[in-house]
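Both of the next two complexes hold subunit A, though its partner changes from subunit B to subunit C.
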Partner chain A sequence: MTALPLLDVRDLTVEFTTRRGIVKAVQHVDVTVAKGETVAIVGESGSGKSVTSYAVMRILDRAGRIAEGSITFSGLDLRAADETEMRNLRGREMSMIFQNPRAALNPIRKVGRQIEDVLMQHAQAGSQDATAKAINLLEQVRIARPRERYHAYPFELSGGMCQRIVIALALACRPQLLIADEPTTGLDVTTQKTVMDLMVELTRQRGMSTILITHDLGLAATYCDRVTVMEKGHVVETATARAIFTAPEHAYTRRLMRATPRPGVSLRDLLPEDAARPTAQVLPISTDKTPLLAVEKLVKEYPRQGAAKSLKNLFRSGPSPEPETFRAVDGISFTVGRGESVGLVGESGCGKSTTSTIVMRLIDATDGLIQFDGEDIGAIPAKKFATLPIRKRIQMVFQDPTDSLNPRFTAARAIADPILRLGDVRGRDAVRTRCEELAQQVGLPVDLLDRFPHQLSGGQKARVGIARAIALRPELVILDEPTAALDVSVQAVVLNLLQELKESLGMSYLFVSHDLNVVRLLCDRVLVMRGGRIVEQGPTEKVLFAPEADYTRELLAAIPHPTFEQDKPLDHVRSA
Partner chain B sequence: MTEIAANTPALPSPAGGGGSGMRPASGLIALLRHTRYVLSENPVTAFAAGLFLLIVIAAAFGPFIVPYDPYASNTAMALKPPSAAHWFGTDQLGRDVFSRVIVATQLDFFIAIASVALVFLMGGLAGVAAGFYGGWTDRIVGRIADTIMAFPLFVLAMGIVAALGNTVQNIILATAIVNFPLYARIARAEANVRREAGFVMAARLSGNSDARIVLAQVLPNIMPIMVVQMSLTMGYAILNAAGLSFIGLGVRPPTAEWGIMVAEGAAFMVSGEWWIAFFPGAALMVAVFCFNLLGDGLRDIVDPQRRT
Partner chain C sequence: MLRMILKRSLIAVPSLIGVIIVTFLLTRALPGDPAAYFAGPAATKEAIEQVRVKLGLDKPLIVQFGNYVADLARGDLGTSLTTGQPVATDIRNRLPASAELTLLGLIVSMLIAVPLGILAATKPGSLADHLCRVISTAGVSLPVFFTGLILVYVFYYLLGIAPAPLGRLDTFLSAPPRITGFYLIDSAIAGNGEVFVSSLKQLVLPAMTLAIFSLAPIARMTRASMLAVLASDFVRTARASGLSPATVIVTYAFRNAMIPVVTTLGMVFSFLLGANVLVEKVFAWPGIGSYAVEALVASDFAPLQGFVLTMAVMYVLLNLLIDILYGVIDPRVRIEA
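Coming up: the complex of A and B.
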C-alpha cells in the first residue's frame, strides 16, 4: 500500500434535516481506498453505505449535509472544494455507477452520443474524434457490433447492456476512482457475473480504485480486496475480503454472514443462534397421492405488438421472418403435490411470472390444462374466477411488499380484505379478532395493525402480505420472489416464517424465484425454466448438486462465491 | 425526500415494536395534527387556508353579519365613494357595495362547489373507468373529452347556458361540462398507472370485483391529485360563473353576484366611480388566488406518503 491513499474519509458524519429533527445517517465513518484497490462497502438498507458515497461525490440532496470529518481525494480536501471544482472532478477524476442503468441513461438520446457528451464535456475529445473514441469505448465494454449499437437508444438494449454503457460512460475520462452503487442488483445472476467480471477487469487494467457498494457479501468477497461492513451509519468492521469471510470479528458481520443463503446450510442456520425455535406442531400431510395442482402443456402466446414494427414490415421486401405471436410459456407441464413446495427458477423473461399468474388465474392461458384438486380451473375465465369460492384455495404472496399493499389501507384493512370478500367471518369485531390472530401467526406486532404501509419496514410489510395470503387458509400459495426486495437478515426471518406456516397449516407452495440458493432452502423439487420451457426438473438436491442441463450449470456457476471459501469451511466460523 | 426515506432505519425483526416512535393516533386527530404540521411548514398554505376560512364564514353567515340590506336601494345615497359608513361605497341605486360583495360570496361559492363536485363525479369516475378498463371504455371517454376540448371552453359554456336557460343549475352544469376533459384525463392517467399495481392484483385475489377495485382501491389512491385539481378548478369555476353573469348569461340582476356587480359597475368606471366594479372584482381575485394556493397545501395534507 502506498503511503498516501487515493481517497481518505475520516470521521465522516452526515446529517439530514427531517421533520422529526436531525437524523445522523452516517456517523464517524472512516474509509480509505489506496491506489488501484477495490474496496467494498457492505450493509443492509439504511446502513448509510450509499450516503457515504454520495458525501464523497458531494451529491447529497438538499436536506443532507456533511457535519463532521474530512474527505481527502489525492491530497485535495473535498469538503472545502466549491461546486465548480467538484463538477470538474466528477466524471473526470471520480465517477459513479448507479443501481438502475436505464434510469441513468437519457432515454431519448443515442447511447453513442451520450458517451460523446461526457468526452466533450471534460475535453477528452474534440468533435472530430469523439465518434471514434465512443465506438472504441463500446468495444472495450464488450458490446457486440459497437458501430451499430452506437446508434441504439437505451430502450433497445437489455439491462445488462445498459449497465455496460453506463460503465463505458463512467470510464470514458479515465477517472482514478469509480464508485459503483449496487451496480448489478437488478440484473440476472449470469448478467451480473459478466458485468462484474468486466468492471473489475477494466478497472484493474487502468490501475483504478473502485468502491463497490453492495448488500451482497458474496459479491463483495469475490471481487474486492478489502471489505468495510456498515450497520446503522457506523462502520463495524474493516478487513481484507478473506479475513471477513473466514474470520469475521464483529457480531453484526457474523450475523450478516449467517443470514446469507449459501450451499450447505439449512433454513434454521440463517437465523441468529439465540433466535427462538418455533414450537408449532407439524400437521400430518394428507396421504392422498393425487397432486394438488397439475399443469399440462401450458401455453401462453402474446401478439407481437407495436405500430413501428408493422410499419417496418410494410416497407420490408419479402416475407416477414417473425411470427405474429410470441410464446411466453411454451408447453410446460408440472405438478405440485399436497404439502409440497416446488421451486420455479429462471432468469427474467423466462416465463416464470407468466406461468404463476396463469396458475393464479389472473390471466387466461392460450392452451393447456390446469387442474386444481381434480377440478379443471383452466376452463374458468380469469374474469369470473375472482368471485368464485375456489378463489379462496389459491392465494399468492407478491414480490414487492410495498407495491402489493394499497398505500391508503392500514395493515389491518389489507389483511381483512380477503376475509371481507370471500371469508366466512362476519362482523367488525370478529374480523378484527381474526386479523389479530393472523398478525400473531406471522409475527407482526398487533399494535402495528393500524399503520399505513409507508409507516412499516420492509420486513413488516412482507408479513402483512403473507398474513393476507393465508387469511383464507388456502391450500396452494404461490410465492412470487417474496424476499427479493428484502435485506438478507429479513429474508432469513421471512423464509423461516414461510416454512413454519407451511408446516403448521399444511399448505403447498409454488415458489417462483431467480435465486437458486433461496430455492434450495425452501423447496422439495425444482423446475428450471428458460425461454418458456422447462429445461430441467427434479428433487432440489439433485438439480443443484448434479445438474444435467447446461443452463442449470451456468446459473449455478454465476452465483458469486469467493474462491477461498473451500479451504476454510463456513461451519468453522459459525462455531467460533 | 426519498433519500431520507431510504435511510430511516428499517426494522428487521418484529420485536422492535415502533419504528417511528409515534403511535398513530385515531384518524381525525392524526389528520388534524398532520394539517397543523403542513400549515406550519408552509406559510403560504396557511395564508391561503386563512383566506379560505374567511370565504367560508362570509358564505355561511354573510346575510346575517352585513351592516345593510344588500337589496335595499336608497337613491339619496347613490354613488357615494368608500367611507366609514359604507366601506366599499354605494352603487347607482344607493345599495351598500360591501354588503353586496359579502352576500354574493354565498352564491358564487355555491356555484363553484356544486360544479366542482359534479365534474368530479362525472369526469373522475369516467376517467378512472377509462384508465382501468381501457379498450372501448377508454375510447369513448377519450372521444367525449376530445369533443369538448374542440370548443373554446367559455364559448361552449355560453352555448350551454344559452340553450338550456339562464338558471343557476345550468351555470353549474355548463361549468362542470367544460371542465370534464381535465378531470377525465387526469383520472385516466392516474388509474392507468395503477391498473397493473401489485395491490390491484392482490385485491383480485381477495375476491374483489372489478367495480369494487375501481371504487375502493384505485379511486382513493388518485384522490390527492384530484383534490388538488378540484381546488384549482374552484377558482376557474368562480371565474366562469362570474364571466357568464358578466355577459348577461348568468344570474340576473338584482341578485348580488360578483360577475353582475362588475358588469354593472363597469359603466361607471369612466365617470370615476371605480369602487362599484373594483371591490367585487377584488373579491373575485382573492377567491381565485386562495383556491389556487390552497391546491398545493391540500395535496400535502391528503397524501398519506407525507404523513409520517
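Coming up: the complex of A and C.
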C-alpha cells in the first residue's frame, strides 16, 4: 500500500440531536481511500453510509455533529478545519455527486452558469473565460451540442443528462476526491451504465480517488477496487471487491449478497438460509385455458401541449410543427392467464405504467379492447368502474409504500378501506377480524395494526399495501414496482411473500418493473416495452437468456455484472 | 415571453368584464336613495323624481347598464354628487396620493422584512429569528390607526421632528407640476428640492405606519419559503461545491424563495391600496380610500363605482405584473404559458 492514504477516516462517530435525544448515526467508522483508488461504501437505508460522507465534506445539517474520531484529508485535519478552509476544499479538492440529479441542480439557473459559479468561486476561471471553460466541461461529460445546452435549465434536460451536469460541476475544479452518493439510483439501467462508465473514465483520466456510496452490491463490485460494508452505523467488513463478491466474511455481507437478485438463483435463495420454509398449500392451477385478462391493440394518446394549446394556436400561424398527440401506449396486445404472473418491463417513459393504470381502469384508453374474464371492461368509463362489483377483482399494489398510504390512517384502517367500500364484511368486529387475518397472511404482526404509517418500517408498509390489495380476494393484482423503494433484504422477503400469496390464493399478477433480475424471479412470462410498443414477449427464461430483440439485449447488458478475471491477483487486504 | 404577456393580458379581459357587471349591480343594491340625497333634505317628492329622471335612475336596470358601459367606453365615470367633479378627475388626483404612500410603505416594509426573514431562516432559533417573530407579530396585531397615532404623538408632538400630519405637502408650498402625480418624482423632475424634501417628510410617518403593518406577512413568508429552499437538494449541492454563503443564500436560495414572496407582495400591495383609509384619515391624506368611504356614506354611487372599478383594474394589472415577474424569476413558468 502507498504511504499515506488521501482520505483517512478513523473512529468516526456522528451524533444527531433529535426530539428523542441523541442518536448516533455512525459509530467508530474507519474508511481509507488511497490516491487513485475507488472505494464503495455499501449498506441499506439507515446504515450511515451517507452520513459518513457528509461528515467528510462537513455538510452535516444543523442537528448533526462529529462527536469522535478524526478525518484526515491529504494530511489536513478536517475536523479541526474552520468553515472558510472547508469551503476552499469543497469543490476544489473534494466534491460530491448526489442522488436525484434534477433536484440537485438549481432549477432556475442555467446549467452553464451553475458550472461557472463553481469555477469562479475557486478561481479556476475569470469572467472572461468562464463560459468557454463551462462549455468545455459540458463537452467532457459528453453533452451533445454543449453550446446550446449551456443555456438550458435543469427541467429541460433528462435525468441522465442532469447527472452528467452534476458530474461536470463536481469535476470542474479537478478535485482529488469525488464522493458519489447513490449517483444512479432512480435512473434507468442503460442510463446508469453510461453515467457510471463516464464517471469512471473521467476520474481515471484525472487520477482521482472516488467513494461510491450505493445500496447495490453489483454496482459496487463492478466499478470499485475495494468495498466497505456498513450496517446500522458500523463498518462490518472491508475487503477488495473480488473478495467481497466471492468470499464474503461477515454474516451481514453474506446476507446482503444472498438477498441481491442475480442470475442463477431462485426466489427462495434470496432469503437467509435459516428462514422458515412456507407451509402454505399450493392451489391447483385452474385448468381453464381462457386468459383472465386479454388486452388487444391498446392505445393511449395524450395531447402534447395540455389545455393551453388552443389559446397558443391563436398566436401561431401555419401548421403546428409537431403532431398534436403523443402516443404513450401504441397498440399493444397481451394476455395474462389464470394463476400466471406476467412481467411488464421497460425504462421510464416506455408506457408500462400507463398500460398498468389503464388495465387497472384508473384512466381510459384512447382505443383498444380490455377483456377481463370475458367481460369488456375497457368499455366501462374509469369514473364508473370504481363503484362496480368487478372493481373487487382487480386490485393494485403501488410503487411507493409510504406515499400510497394515507398518513392519517392506521394500518388496520388502511387495510380495511377496500373492505368498507366494496367488501361484504360488515360490522366493526368482523372487519377487524378480517384485517387481522390479512395481517397474518402478509406476515405483519397483529400488534402493529394500530400504528400509523410513519411508525412502520418500509417493509412493514409494503406489507400493509399488499394486505390492502388482497383484502377483497382479487383475481388479478397489478404490482407497480412494489419493491423499488425497498432495501434488498426487505425486497427478498416481500418478493417471497408475493409468490406465496399468489400460490395460496390463486391470483394472477401483472408485475411492472424496470429490474430484469426481479422480474425473472417472480414472473412466468415477460413483456419488454419500449416507446409504447412491446418489442419482445415470451417465457421469462427465454427472453432473459436468449433475447431476440436488440433492445432486450441492450437492457440485459446494462445490468452491472461484476466480472473477476482469473488472472487478477486476489488481494487479501482485509480489515473487519 | 412576449407571447406569455399577451396571453395573460387576454385572460384578464373576462375578469374585467365581470368586474364591470358586479360593480354596477353592487352599487345599485346599496341602501339609500341617491336621488333623494342629491335633491337635498328639503326637496319635495316631485323634485326628487325630477332628479331621478335627470340622473337616468328611472330607467330599467338594463338600460342604465347600457348607458354606464357606453359612458365607460368614453372614459366617463360619471360625476360625483358630493364634490361636483367628474369622478375620473377625482380619481386621477387622488389615486397617485394613495399609490405613492402605499408603494413607499411597501418598499420600506420590504427593505426591513425581506432581510429579516432571510436572517431568521438562515439561523433558526437564533436571536434574529425571535426578533423577526416578535416584530412581525407586534406589527400585525397593532391596528394602523393606533400605530399611526403613536407615531404622530412621538415624532410630531413629543420630539417635534416630524411635520404636522396634514396632507401631502407643507401648507405653504404648492404641488409640483403634475407628470406622474407622485410628488416625490414630480418634484425631482422639476428640480424643486424644497418640495421634494417637504413631501418626503410628510410621507415618512404614514409610510412607516403602513410598513409596520405589512411587515408580518412579508417577513413570515420570506422566512418560511427560505427555510424550505435552504433544505433542498440543490442548496446542498451548492454548499458541497464550496460556493460562498453569500452566493448560496442570494443566488441559489433567495431567487428560488422569491416566488411566494412576490405573491405575498402583490396581495399586500392591493390590500393596502384600498384598505388604508384609516391611515389616510389619521394623516389627512387626500387618498382614494377616504374618497371612497365618503362616497359610501353619502350613497354617492358614481365615485363608488369608479373606485371599485379602479381597484379591480389595478388588481388585475398587478396580477398581470406578478405573473410576468414569475416568468422573469422562474423559467419553468415561461414554458407552461
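What we mean here is this: the second predicted complex is superposed on the first by the 547 of 576 C-alpha atoms of A that agree within 3 Å, B and C clash if a C-alpha of one lies under 4 Å from a C-alpha of the other, contacts with A are read in each partner's own complex, and residues count from 1 in each chain.
Methods note: a residue touches a chain if its C-beta (ideal position, glycine included) is under 8 Å from a C-beta of that chain, and two chains touch if they have at least 3 such contacts.
The structure displayed is predicted, hence computed values, not measured ones.
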Clash-or-fit label for the pair subunit B, subunit C on subunit A: fit
Residue contacts with subunit A in the superposition, subunit B compared against subunit C: B
Which superposed partner A:489 touches (first subunit B, second subunit C, both, neither): first
Spatial angle subunit C-subunit A-subunit B, Cα centroids [nearest 10 degrees]: 30
First (subunit B), second (subunit C), both or neither touched by A:387: first
Touching partner for A:51 - first (subunit B), second (subunit C), both, neither: first
First (subunit B), second (subunit C), both or neither touched by A:88: second
First, second, both or neither for A:132, with subunit B first and subunit C second: neither
Subunit B versus subunit C as contact partner of A:16, first or second or both or neither: first
First, second, both or neither for A:546, with subunit B first and subunit C second: neither
Which of subunit B and subunit C A:155 touches, first, second, both or neither: second
Partner chain(s) touched by A:422 [first = subunit B, second = subunit C, both, neither]: first
Subunit C versus subunit B - closest C-alpha approach in the superposed model, Å: 5
Residues on subunit A lying within both footprints (that of subunit B and that of subunit C): none
Touching residues (chain side subunit B, partner subunit A) in the complex: 1, 3-4, 6-15, 17-20, 23-24, 37, 41, 197-199, 201-210, 212, 217, 220-221, 223, 304-305, 307-308
In the complex, subunit A residues that touch subunit C: 57, 59, 62, 86-92, 95-96, 98, 100, 103-109, 117-118, 121-122, 153, 155, 166, 169-170, 172, 308, 311-312, 315
Contacting residues of subunit C [partner subunit A, same complex]: 3, 6-7, 10, 124, 232-234, 236-244, 247, 251-252, 255-256, 329-332, 335-337
In the complex, subunit A residues that touch subunit B: 16, 18-20, 23, 25, 44-46, 48, 50-51, 54, 60-61, 63-64, 232, 360, 362, 383, 386-387, 391-392, 395-396, 398-400, 403-409, 414, 417-418, 421-422, 443-445, 447, 450-452, 454-460, 463, 465, 468-469, 487, 489-490, 493
